[in-house]
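Below is one structure. I have some questions about it.
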Amino acid sequence: MAVEDKLKIELGKQGVFVTTVNEIYNWGRKNSVWPLQFGLACCAIEMIATTMARYDLARFGAEVFRPSPRQADLMIISGTITKKMAPQVVRLYNQMAEPRYVIAMGACAISGGPFKQGYNVLKGIDRYIPVDVHIPGCPPRPEALIHAFMTLQAKIDAQPLTGTERPRHLDAAAMSEFPVPTQGAHDLEPPANRLVWPLPAPVASGENCG
Amino acid sequence: MSHSSTAEMKVYRPPVVDIIEEGDELLEVAMGPHHPSTHGVFRMDVALDGERVIRLKPVFGYLHRNHEKIAEKASYLAAMPYTDRLDYFCSLTNNWAYALAVEKLAGIEVPERAEYIRVITAELTRIQNHASSIGFLMQEMGASGTPLMYAFREREKILDLFEELTGSRMMCNYMRFGGCRVELPTGWLAKAQTIVDGLPGFIDEIEALLTGNEILMARTQGMGVLKPDLAINAGVTGPMLRATGVNYDLRKVDHYGIYDRFKFRVPLGDHGDIFDRYMIRILEMRESVTILHQAIKDIPAGPIMDPKSKIRGFRPKPGEAYGRIEAPKGELGFYLISDGSGNPYRYRVRPPSLINLTILEDMCLGQNVADVVLIFGSVDIVLGEVDR
Amino acid sequence: MKSTEEILALIHAALPAANVELVLNPSPCAQHSLRVAPADAFAVASFLRESDELALDYCSNVTGVDWPDKEITEKVKVTQLVDGEEKIVEETIKRIEPGYLESVYHLYSIKRAHEAIAGPVVLRMRTINRTDQVQLPSLTFVWRAAEFQEREVFDLFGIVFTGHPDLRRILMWDEFEDHPMRRDYVDPDDYEYEPTPHDEVLKRAEQQSKPTGVTA
């Protein structure tokens, strides 16, 4: 059910406040996203700068950085994920309660960035966990993080409560526990979680194989 | 070690704990790699007897980004942006250390004006690093946010200067072999002068808030004491070493750059505890301000790059060089071996943060676990440099 | 500060049996080094630290260098019988110079820091080869500064420091088997080709995808 925007404004002028469960539910969630206090590398310093007086992330309801993953809604992957750290990042993500979101901040979190050639560098965290917003930059400016945050808020706002498009936390059948990679003799095992990081389309379809 | 000289020689052993009796139950705690006070992804495996620390083993490598391997595969210049990401608070001093090592390797001269610019940017870097590190230390003491807010307010001003000069707030990539990348923008020095003029006020303010604070004194004085002979032997450098009373500042010892032209003092502590380290950082900021005043006043006109130095196709002759500077966290050194090709045969970073942590266990044994966080914070490390 | 030659003379005077030689550095900074036989390293290091004249009490930097096997082609003139006549013929001989691992220590004096501008005193040690005889003595008990750095050299280069109090991997995880800073280390092939690979890149992507069990 939806009330037309025009009618809503008109009713508002008359002192009648109309909303839907979906709207007010998402409005509440998007304005109190608590990030996990979790810094990985250089980008973490820009993340801290974003919470400080000049950029003031508190304006977006996200100044409460929680050290415990159990109390956090948002994981900001702020920096390079090494293969030594990747299992811990996935484990922390698993420990967060639904609904949970991930911002991959900076080139390293997206793809390995400048350190892509490194033997101990994971080439992007979305090999193991789903990412909601990617921010390019090395490191991204605080404004970019704020923009990513607003993008995430818009995403939360648009989530339906029912139907096939409903988010993971409302879908009992959806995957909630993500497999934690193990550290092998030469590399992480497996090198990627194929459920969140499928093969490139031509390879996966197999049309070029043979 | 069966050698005869061991008997007369003082041997500096890593601490061995044998006070645990059979049947004592110890609590093993892994602090980190995700821990709010570890400045990033650092882990301490602590064994506790109640609140008391019995054993502490640091675990590194969670941010091992293969800086050295990548630099050995790339050209000399291509390693410069990677040095920014070593100690990501102090990209300009990292640049300088690397440029200095290459200049030693290839015998490149640096023009006067470039030396002045290097000093100005390095001292600004030192101030913002020390301010932030004090802010983080206070955060760990429970002064949640406020001192860090003050520090970051000042840091933002300095970062604005860096951004105007180099194009980036944090990753400046500014120095080149034989000079600097770009000329100072018009009016930059005047802006820098305004900010430098405001800095003593900021230091006074932070001192008024903190130095006489009873909680700060109670929690830092006599805590995490480091003895000078152990500090020297363990290779501790920077404010950590000077807090123990050892007069060793590479700006005075090596006279690299043009530091012998400036009048400044080297603050020394005498207890080697956390409070001394805090005071050394405050005093070093004040000395940096005096250096900045002199450098901004004296900076000459002229070129900023040695005209003979090559940017493209840079191939130093075979040989090796070790160059080091006094970075805000300690002695930052670069060891390079050239085989005559376009990329270094061996590229090694001597990270002050890692080596200053050698004696972390010595300082923490027998202390309460809550103080471990403080002692660790007073070392002032950045994980990008510890693990590289 | 004394020159490297003078330091070498001092070592020879104090420890006549020690096997130490000078290695010249041709670069403009002229930081020459001293190569020490591993068996004498501990005595030499202790002397350098304890000697009143040198007082090298501060070990700044410890690192490793990998020198893999080198194939050297030389042209040698050989007299040969060609058609009953003796002729001088040039022959190319290929020989393999065995590689080794090297550990490098940069030493300074803090006690005598302000006397003169001092370059580092560089100590070097060589292993016998790169595969099984990679032991070198640890100098951690002379300079604690070497404790973590020797662990790092062990981790990344595979030099085994005998006598080190706690020789474990420091940067990589314990299960890791390679020594990644060696010149012949091969990275794990974990590069993803996305989103539209073609030609050579596509072939590699397909190869990579096979072990994961994607049906062709």
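Per-chain numbering from 1; labels A, B and C assigned in written order.
As a convention for this text, a contact is a pair of C-beta atoms (placed from the backbone, for glycine too) under 8 Å apart; a residue touches a chain by one contact, two chains touch by 3 or more.
Please read all numbers here as calculations on a predicted model, not as lab measurements.
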Exercise. Return the chain label for which the distance between chain Cα mean and whole-protein Cα mean is smallest.
Key: B
Exercise. Averaging each chain's C-alpha atoms to get its centre, pick out the one most distant from chain A.
Key: C
Quiz item: When the C-alpha atoms of chain A and chain B are each averaged to a single point, how far apart are the two points in Å?
Solution: 33
Practice problem: Quick one: report the Å distance separating chain B from chain C, using the average Cα coordinate of each chain. | Solution: 27
Quiz item: Using mean CA coordinates as chain centres, what's the chain A-chain C distance in Å?
Solution: 44
Practice problem: Please list all residues of chain A that touch 2 or more other chains. | Solution: 84, 117, 119-120
Exercise. Send over the residues of chain C in touch with two or more other chains.
Key: 171-173, 180
Practice problem: List, in ascending order, every residue of chain B touching at least 2 other chains. | Solution: 61, 64, 66, 69, 387
Quiz item: Mind pulling up the chain B residues that touch chain C in the complex?
Solution: 1, 3, 5-6, 8-9, 11-14, 60-61, 64, 66, 68-69, 104-107, 230, 232-236, 246-248, 252-255, 316-322, 324, 331, 333, 335, 337-338, 345-346, 348, 350, 354-355, 357-359, 387
Quiz item: Can you name the residues of chain A that touch chain B in the complex?
Solution: 37-42, 44-46, 48-49, 52-54, 67, 69, 79-80, 82, 84-85, 88, 92, 114-115, 117-121, 138-139, 141
Quiz item: Mind pulling up the chain A residues that touch chain C in the complex?
Solution: 83-84, 116-117, 119-120, 123-124, 127, 183-188, 190-192, 194, 197, 199-204, 206, 208-210
Quiz prompt | Complex interface listing, chain B residues touching chain A | solution = 33-36, 39-41, 61-67, 69-70, 73, 81-82, 85, 88-89, 148-149, 152-153, 155-156, 169-171, 383-384, 387
Quiz item: What residues on chain C touch chain A, complex-wise?
Solution: 171-173, 175-178, 180, 185, 187-188, 190-198, 202, 205-206, 209, 212, 214-216
